[in-house]
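Here come two complexes built around chain A, the first alongside chain B, the second alongside chain C.
So, the complex of A and B:
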């Protein structure tokens, strides 16, 4: 519990996220059945199990090394759209962490780089009813609360992410498989935004 | 869930084991990467054709690997795009020095994973091009959405482009042909039932006995709208009308037509549907130059069908008639 994050805490974040994804896999797949193709929970569960196996098999000197491995593992094991999107997020996130201690400000920079990677790969904007609807307000809230420290910033991010996820529920999807449903996608919670909020909540529980 | 499987987690790998022993004369399987290769790949000087996507659409794509069609197919989990490692293994494995064409169906995941694979392959020495098939008229195309899905035209395109690659055309020529075929191909589908993804264990959506889902894709996803169940004649009209107005096709046009089963509809019904489709086309002054009736691009055990039309000319009919020897399509050999 300090002002900077240790590599071990990053590992804890990923282990906790793997556990949360496993517990919620059926719920995520259920959400995806309504407006997608009923595989988000099982795909993320498979990917995060592979991440946990990679954490156990290797030793990582820095957050940058750790997240490079995690990003590549997700790209190689998840498939669908979530593989490249989460994979790209962690690759870009890790690429910005550097070798030094990671404080609230440095984590904010890395999170923003990760989200920019998602935007670049998925070409989605706020309002398209995707994970970006959770990430964009989460980043804003994070930056606003960062001067108050890691704990405050991560909690604010998780809360704003959940708000963004819920605000996207009434929207008509414009990206991803949900967009094929047109008006019928309105009223359903987005699975990708949901798994993104779980990632933010796991961060708030482990990194601060 | 009633399925002839051993374990929901092993559906794809065990199907590939069976496929390898069934078609070992023509195919070999890289089990680590879940890639089906033509047995004699790579062919020196021939453009390599790689496709792939989620599993559950059999015979597409693994069943279309062989002489006159694909050189390799990457098999993802059921209804889930394969990953870049698989596509890279397929791409380097089929490159005979003339480059490789990726045939990608327009789904967000497929497009992103193939893009990442193409970036990785470009770091090596392989020249990679890609064509994204987006032929589903149920989805209104727009700059602001994911666009139309890739469905039935993919099968016809793989056959036609496969013949062109077999005849020694260059990567540029093969890519141009693939793009042109996608431009003149249109599809529309309907479902009478949903389907069950093995890992999910229950149907993706529920459909009443008196309902059908119009404008479906190939992943058990709900369609554009739910309509009352109707006769084959009216169902054919619901599929053919939006296709004909979309391209548009007109009097005097010639087409390659496919009436495709989604996996759970018997051939006897597909032939009734084909008869109705042919009658509607005739009425519109359109000639069917060649046709396919059967299960070619499926959605597990979903009942229902789709109609695909590709506007044909002499060149395309010639490519269609060229020899093909794959588990899913075989003639002229």
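So, the complex of A and C:
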């Protein structure tokens, strides 16, 4: 575990995330069936399987190349709103990685760019009961802990993301299909926030 | 051509939608691609597939409209725009339209060669036809644009029906012309029925020549980059009856008697509508409001002496002409901006003058004459005289009067040409003078210092001219059509008049003079006392209380009326209250409006009159039948028979409102007992849906047959309310808007009074008789109505204090005597004389 991230580690992150998603697909779909259209788990599983296949098929010289491929793969294979949302996240994330070594600070910049992409795409704000409710506190915690190194920053981010995800559970959804339910969406954990926290946890396990 | 991309979660759905749209597009469908589903059976959207679809359609240089279904379709389409070449992305628009409803008009519009803007606009309006058809509650704040009856987008032409009783007269025409000029499109107008036109819609004078009357069907045809936008804007303008904003409810039809000085020739409804209340917060600009004046005459010469005009070369003449136009336009704009008593009505009139001044056709005519060697002054005079003559040749009396506007422009232009631009503007009228003018144009009327000038006497021009309306609205006493009596009056000669008795004296003797002084003092004291006691109840000298409610057309009316001391409302005109709603207002919306009015009036009873519409005043959501004689056609309750669902919704609203505030319900245009029974049945059904509510039920008495049969018609009802306007015109078979017979249509005619007396005498015991027509707002008629036995009156809000005051000055005994004598009188004129004598027991002014 060094202070910078190699391209291979990014691949590991994605493979691990694909595995976690596959294991949790049923759980994600179940969460989604309560307030969404019951496809988040299967959609993400399909998308991440396609990502793994793409990783197998290609060689990637840089993080930027790698995440461009991942972003496009998710965009064209997830099918639901998570496709453009995660796709945008990885395209923007990769775009900010640059050519140099990726240290804690650089990763923070890239994560922020990715999340800004999600916000721009989904036009959601904190409190709308979306993945942003996990991402926003995660970024804050990441930046606060970044001076202590990658490991500390990612763990702090994952923890804060989980906190944000849970804090959003009692909220009423204001975006996406869940918003059609109005008050009835309160009390259900948001699937998008859940898969986002899984992504952060996978990052903490592979990138630091 | 515009290309279309369909984005859907389902491939089957996307392809089917595209096939349906292709079918609708006819022989020349636009290029269309589908990006739908992840594969044949998996639902989902793929931004890369959308990007590829856009690039495919855009390949031939087409602009692209992307129609999407739900959720991720939107996100994927947006993302696709970031994935494609930015140069292409600039030519792509993602439509917010519903997919199926949007794509059909989009392909039809695209097939016709429309621009991306237009196709996108047509797509977004795709839902409107369905909403309007199904009466979906669009809410009053965001009316969807109304479309013509077919669902095909009108990218080339639209048909509109002019609802205004006076047709497309000067002010609406000016608004239309100004609107059209603001778009990059060539627009023509033609009258579908008469075949007049097409004329350029940018020319006010040409538009006027269409002579488009009430209910005229016009076809507006547009070419150019903003063709569909301008047509949509025209449609919108007409749909909201030429009001300034879609939110503005049509202003109430004010009674001519609102200004008691109005002579018996009742102004046309539109003129009345244009009357605006005097603003009490601008005293410096306001006139005395006393309906009488006394002071030295000051004669305002309208004629411009052209003899002194020195003609220059054609180039010089053209330049002078241009400068004069600029100067006059500047003066008008200044007037629009600086007048403290300014009203939107005045602003409209002055706006119409500006439009006229910028009329291309007219300016071209002037330029043509100058080129041919005529002087600028002669050219303007010739062109405007011709135009004035054109107006005067129109069939509608109200439109004919617009020749006055043309002459006002002519006078100003000529004055600027002869005396220079600086000669325009305020007249230097001595304080306290009585102004004498040939006819009063709005510019002069607006420029008058209300505090300075004592009054105005016109020689001719009638009482409905724009200038007269403006002056009256500012509370400036004005005596119209003085004619010969003032033709040769010299400056400084003392002149006085009383509008109410229509007396005018020139060079009064001491006796006449002191009478006038007394009269003015009395009017002033009256006005002061009336406003001081506005909120007190009105009780006759011998102790009978008469309730005075207000006729209401909006919530703000109600609030204003409450301040004037209105005791509830005897007439809520629902067709005006909701007249701006493009769709049928739901029961909830109506009930909320009724409750709001009731609360504004301190929870005094409000009388909801059910929809009173006919072919002459259709509602946007209830186009009236085209009838040759709508006043004798399917209107009021008769129309409700054909649209009982609309009636039922309103009755539901009335019942719901009755749970929260005291409400009475009243049915208009009743002729037979069967109609009453039908309405009562529908009401019983509505009442059955709510808990027991107190709800007084009544009918309007407007049809002579109803007055004659009142004992039968009113059985079991709580009240009847006499609508004097319609009762008068039906009794005397005279349309008060028709100048040829308006003199006949006088509510004081003994025949009308006898019907009122009959109603009072014959209604079953316990049925209250009220009067809610214009007659109740005529102060001089109040003792007569009290004497005939009316229990309550409902009047225009601002008249409440003065009507109450008139009641306080009356006793039942003398009022009954007055009524008995009026019933025996031979004519409306004789009745008027009785009223004058009753009102002025001290004697009246002698004619000079």
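Here is the rule we use: the second predicted complex is superposed on the first by the 208 of 208 C-alpha atoms of A that agree within 3 Å, B and C clash if a C-alpha of one lies under 4 Å from a C-alpha of the other, contacts with A are read in each partner's own complex, and residues count from 1 in each chain.
Note that a residue touches a chain if its C-beta (ideal position, glycine included) is under 8 Å from a C-beta of that chain, and two chains touch if they have at least 3 such contacts.
Model, not experiment: these values are computed from the prediction.
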item: Touching partner for A:85 - first (chain B), second (chain C), both, neither; value: both
item: Which of chain B and chain C A:77 touches, first, second, both or neither; value: both
item: Chain B versus chain C as contact partner of A:133, first or second or both or neither; value: neither
item: Contacts of A:38 with chain B and chain C, given as first, second, both or neither; value: first
item: Touched partner set for A:121, first chain B, second chain C, both or neither; value: both
item: Which superposed partner A:190 touches (first chain B, second chain C, both, neither); value: neither
item: Chain A residues touched - chain C or chain B, whichever exceeds; value: B
item: First, second, both or neither for A:143, with chain B first and chain C second; value: neither
item: Which of chain B and chain C A:180 touches, first, second, both or neither; value: first
item: Shared contact residues on chain A - chain B and chain C; value: 39, 43, 75-85, 121-122, 176-177
item: Interface residues, chain A side, partner chain B - complex; value: 29, 33, 36-39, 42-43, 46, 75-85, 121-122, 128, 174-177, 179-182, 184
item: Chain C partner contacts - residues on chain A that touch it in the complex; value: 39, 43, 72, 75-85, 87-88, 121-122, 176-177
item: Residue ranges of chain B touching chain A (in the complex, touch as defined); value: 54, 76-85, 107-109, 112-113, 115-116, 138-140, 144-146, 149, 197, 199-200, 204-205, 217, 219-222, 224-225
item: Footprint of chain A on chain C - complex, ascending; value: 9, 38, 42-49, 71-72, 75-76, 78-79
